[in-house]
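A quick write-up on the structure given underneath.
Going in written order, the chains are labelled A, B, C and D, and every chain counts its residues from 1.
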Amino acid sequence: MILPKANSLSPKQLREVTSIVGEFDCQIQPIAGALRTIYAIVGDERDDLMINRLEGLDYIDRIDRIQSPFKLMDRRSDLARGRLKIGEMTLGEQLLVIAGPCTIDPKNPNYFYETAAAVKEAGAQAIRGGVWKPRTNPYSYQGDNRSLDILMEGARRTGLPVDTEVMDEAQLALALDAGVTILQVGARNALNYSLLRAIGRAIAQRPEVSVLLKRSMHMGPLNEFISAAEYIAAFGNPNIMLCPRGTTPTLDGYRNHPDESATPLLKEKTWAAVVVDPSHSVGKAAYVPAASLAAVAYGADGLCIESHIEPQKGIGDDPKQAITPETLKTLISQARALWELKRPEAAETQHAA
Amino acid sequence: MILPKANSLSPKQLREVTSIVGEFDCQIQPIAGALRTIYAIVGDERDDLMINRLEGLDYIDRIDRIQSPFKLMDRRSDLARGRLKIGEMTLGEQLLVIAGPCTIDPKNPNYFYETAAAVKEAGAQAIRGGVWKPRTNPYSYQGDNRSLDILMEGARRTGLPVDTEVMDEAQLALALDAGVTILQVGARNALNYSLLRAIGRAIAQRPEVSVLLKRSMHMGPLNEFISAAEYIAAFGNPNIMLCPRGTTPTLDGYRNHPDESATPLLKEKTWAAVVVDPSHSVGKAAYVPAASLAAVAYGADGLCIESHIEPQKGIGDDPKQAITPETLKTLISQARALWELKRPEAAETQHAA
Amino acid sequence: MILPKANSLSPKQLREVTSIVGEFDCQIQPIAGALRTIYAIVGDERDDLMINRLEGLDYIDRIDRIQSPFKLMDRRSDLARGRLKIGEMTLGEQLLVIAGPCTIDPKNPNYFYETAAAVKEAGAQAIRGGVWKPRTNPYSYQGDNRSLDILMEGARRTGLPVDTEVMDEAQLALALDAGVTILQVGARNALNYSLLRAIGRAIAQRPEVSVLLKRSMHMGPLNEFISAAEYIAAFGNPNIMLCPRGTTPTLDGYRNHPDESATPLLKEKTWAAVVVDPSHSVGKAAYVPAASLAAVAYGADGLCIESHIEPQKGIGDDPKQAITPETLKTLISQARALWELKRPEAAETQHAA
Amino acid sequence: MILPKANSLSPKQLREVTSIVGEFDCQIQPIAGALRTIYAIVGDERDDLMINRLEGLDYIDRIDRIQSPFKLMDRRSDLARGRLKIGEMTLGEQLLVIAGPCTIDPKNPNYFYETAAAVKEAGAQAIRGGVWKPRTNPYSYQGDNRSLDILMEGARRTGLPVDTEVMDEAQLALALDAGVTILQVGARNALNYSLLRAIGRAIAQRPEVSVLLKRSMHMGPLNEFISAAEYIAAFGNPNIMLCPRGTTPTLDGYRNHPDESATPLLKEKTWAAVVVDPSHSVGKAAYVPAASLAAVAYGADGLCIESHIEPQKGIGDDPKQAITPETLKTLISQARALWELKRPEAAETQHAA
């Protein structure tokens, strides 16, 4: 939809606009209102170049886009029919909980093994554990390849799938070779399109592998976030979970700005599961249970929570934001109770859409 | 705490700083670290003028304030001992629900009377109804004094206390004279200190009157928000409810940025009750139940919800964001169930603090 | 423009939509695109109630508004022809500079008199000075009626118009009676519609009085800001200057988020003069000259700057953010040089629009 | 600096805190104030793990960090003495201008050759041209290796250094092999630490190569932005230019939130040159000259501007935001005039720091 600065386009302007959209196989249809005439773009308006060229005309006030820019991830695409399985459970049939420490300590593997066993006992269906870590400070601990073996040993001992973050192609290859089945893309790399493409390509023929795509700290939940997922899905594997984890903090004193409320906005536009990370949203163990329940209240399909048997012994964010498996157990029981309470509505919404 | 730009203050700079804080009865205590010396302000550092003068020195990097600027509203003040009653109920003993239409339609009073009866039946303990309305557009409906009579008639019929927004001293006087016992300060006037003072003064001797103070759209939850409440409390009536209602929208597509997560931050600093307004936060009826449950998950003491028996017949925001009394009833039942689930924790927190 | 959630409206939905807009004398015109049909609202779509009712329909994805909600302030309105005079100078013919202390010290009037003389000598055409002050902290200095006499004595001595902030009707009456000709509305009251209306009414027949309307800390520059000005203009006096002064700080370490860049956005939509306040934007004297030049680079018509002959002796924000008259003099000379450099472009833009 | 929730730490809490910081070779020094005791950390407090562990204690209100987390990039480090040369010019001696199209069109190389010649003639000292492009939409044009040859041919024809964005290690190797001497890291990859490390390593022994590091859309200008540069500098090559280019848009209607005002904040903390990108900040050709002058007003060392001889023929952002070489020429002449006007102050600041 083209809105001119003046009340209407001059004949010469209209010819120019028509010629531009014509190059992209679109037509212009004027809509004469009482005070002003606007101009609909009839055809497929999704080409950014066409929009850029129109926005470059100095007599144009603004362009309102009507179509969503993503295809496969759209709620109405054919991919909406599938259901994602993580280990034994199917998303949508119960609340998924992924839990474990922020960072695996390669010098003290038992913390990981014991935490993994404890979060399984508390009700988690998958285990998280950081092998490599993106750190603001270049002199902080950045991870260790040995932790990958520890992660996989934890997988074997618990029988649960494991989730770890990969930041480049070398880590991606190592993780897949080792048998990691949940690849995490961190907030800092959510717009690293080279990495997203590499992941999409690497898992195209690996239906047992899924991706937990964290939201970048400044992404709008719709266009940018879902489009990032589209980069992966374009290669053919639709096993994608979108993970709100807080955005750039503005007013309130959390580590990030909690954004579990983005969940229903995402679910209106895409069929992808939404798995919220309350730990990074609020950044402090004491607030994690509240944020987890809030995520479920907003309709989340799952939670990804940092947990450690002795948070103060953790080597990443755990001392600050990990909850104990005991707290996790209470949290899971409350969250599942709330999830069941809301289930009839969720089913209805699904049906109505 | 004074942080100089250089690794320490020169003797001359230290003399100047000492002299400035001395005018405010404070002293300077240097703290020599391994790499840098910083300077503690010993004494009552709450005077803004002292801080402004220190910040004006070009060799100062920054001042970190240690003390909170509010007194009466502080969680540790004597006022923390009281409990606020709204009608028959006591805040903290159960979840407060205030509900009713955005705006009373003076031409169709029955919508209000029927809505009031219906939300009472659904479980609300107080009724809201807008008599005067702040509107971005100066040519939109701005309210009508006749609606005040309708509001009070609704109060009489239901036997419940009523809440309405006042925007200036004339409206304040009319509302108090008519018998309104919950005065609402809207987001746009949350920093209108003349109005806050006028309210504080008017209700100083009126213990039956309380104030629902909405958060401004850009207020930090602690300093600015709690300080605004301090303006009212300074006159002696501590019946104040703080009302998060969404802040300036940034990334996510809600009317405002939902901020129910501010609740625990507020409760760590002040004893005041926190009553969340989910209707303005999300701005769309379909999201109101989720936002209400999220508020309870974060520990809210109450909810203020727009409801209308026929939302499409409302004259303010109701067609867009009011829920029906039927939806309200389900919401209240779920919210109270969740509130009970979390109650043991809340009690414990109260005790620990 | 109505965008349905599905690819088009069903016949029943179309009837409902048509009936709603019909109540507001509008019609619906469908626009069939290749992938989707959207629906134009033909007629005057500015009534918020109509939009609210459409947004309340659960099969509507969103409404894109085509028309601006303000009338008198619109760049194309008849009021665009007038030119505002402040004292001897006409806005648009040279760069306006208003300067003076944040707050007048009633115990030390000479600071004000000497500052007023010095900023006049430095090139300012109007004097600012705070009589009453909005303060976050209720226990900070809040102003003093005696300062009004000092302000007016400064006006007499310099022969220049004076600017002071008014926060309620009582202050408004006092200021007008005393002879203040530039009324300042502060950021905290920019959405205080009762005050804006009171000012509009009070100056309707006072063409010698103008208003400096500061932007609220979270206002979008177009709809909300210009609409606030419309509240004043609606009574007949169009002497309004819009004053960007920084918005809620997000990422960068200033007192506020500098927003001089809002200037060209405002000037594309309204004829009102834009007078930027660099002092509150950056909040520190050292950055004020840079912010002032940036404002002129973006096309500002004027600057409102805090200045004090001895900033450390000031009683408001002056110790931190006031510049000396000497710095002001250099700043004004550079700013006017830049203003002249850009003048041919400004004239051209004016012509083209 | 440790601020407890209560007025002071209990003996047991103090022992725990002392024990934690002791593991990191730090000590605790209590500072008894009139109302409250706080606790200084004496030693090197820069280890994130120590801070995380302290923040994890439930009796701690907050930790105020005193030391900056970056070392080499600190304004006071030894690296501050060097001066960066780009082609023939030395940063700081005159205003650097890098200009050229957003994206090289591999099918129409002449647009690039002619633009390169024209921006050189207009006064640019380096040429920019996108070979590979990060695009939100996975189906948009993503770049072409053939454009690298066109870029280098432009370098040969003009004799100027060229700047292009690299997004992964493969592109990095290709660009360095071809002779690119200004590597651009885009906003989306500003926190891609794997890439930053790869670049640092690849150019460690290549003093003729420099990096233009764009600010991510949500980075604070100090800690995160300068720390990202530290990742590169840690390998030994200090040729780094920091490039503000707008942050996540909040209130104002630009493509991004213009952030040229971050320049003086950066320059107070680091010795690195600041080169502002006005094109992405404002996102529209008409605003680029104003934003460029504003950047110079705030003390920028250079500008990186999108320019194209026929913007409407460009294939990336050019139709919308590129200016013509003719506009560029006027802009450069005004910007250099302003830069000279401010030069004495800049020299003084440099000296004073």
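The working rule: contacts are C-beta pairs under 8 Å (C-beta built on N, C-alpha and C of every residue); 3 or more make two chains touch, one makes a residue touch a chain.
Here the structure is a predicted model, which is why all the values come from computation and not from measurement.
Trainee: When A-C is set beside A-D, which has more C-beta pairs in contact?
Mentor: When the contacts at A-C and A-D are counted, A-D has more.
Trainee: Please identify the chain with the largest separation between its CA centroid and the CA centroid of chain B.
Mentor: Greatest centre separation from chain B goes to chain D.
Trainee: Please work out the Cα centroid separation of chain A and chain B, and write it as a whole number of Å.
Mentor: 32
Trainee: With chain centres defined as C-alpha means, what is the inter-centre distance between chain A and chain C in Å?
Mentor: Their C-alpha centroids are separated by 40 Å.
Trainee: Between chain A and chain D, what's the gap in Å when you average each chain's C-alpha atoms?
Mentor: Here chain A and chain D have centroids separated by 27 Å.
Trainee: Scan chain B for residues touching two or more other chains and write them down.
Mentor: Those would be 218, 247-248, 250-251, 286.
Trainee: Name, in rising order, each residue of chain C that touches chain B in their complex.
Mentor: 46-49, 52-53, 55-56, 58, 69-71, 134-142, 167-169, 171, 188-189, 191-195, 216-218, 223-224, 227, 230-231, 234, 247-248, 284-286, 311-312, 315-321
Trainee: Hey, which residues of chain C end up touching chain D in the complex?
Mentor: 218-222, 247, 250-254, 257-262, 264-265, 282, 286-287, 289-291, 293-294, 297-299, 334, 337-338, 341-342, 345
Trainee: In their complex, what parts of chain D are in touch with chain B?
Mentor: The contact residues of chain D facing chain B are 1, 3, 5, 29, 31-36, 38, 40-45, 64, 66-67, 248, 250-251, 268.
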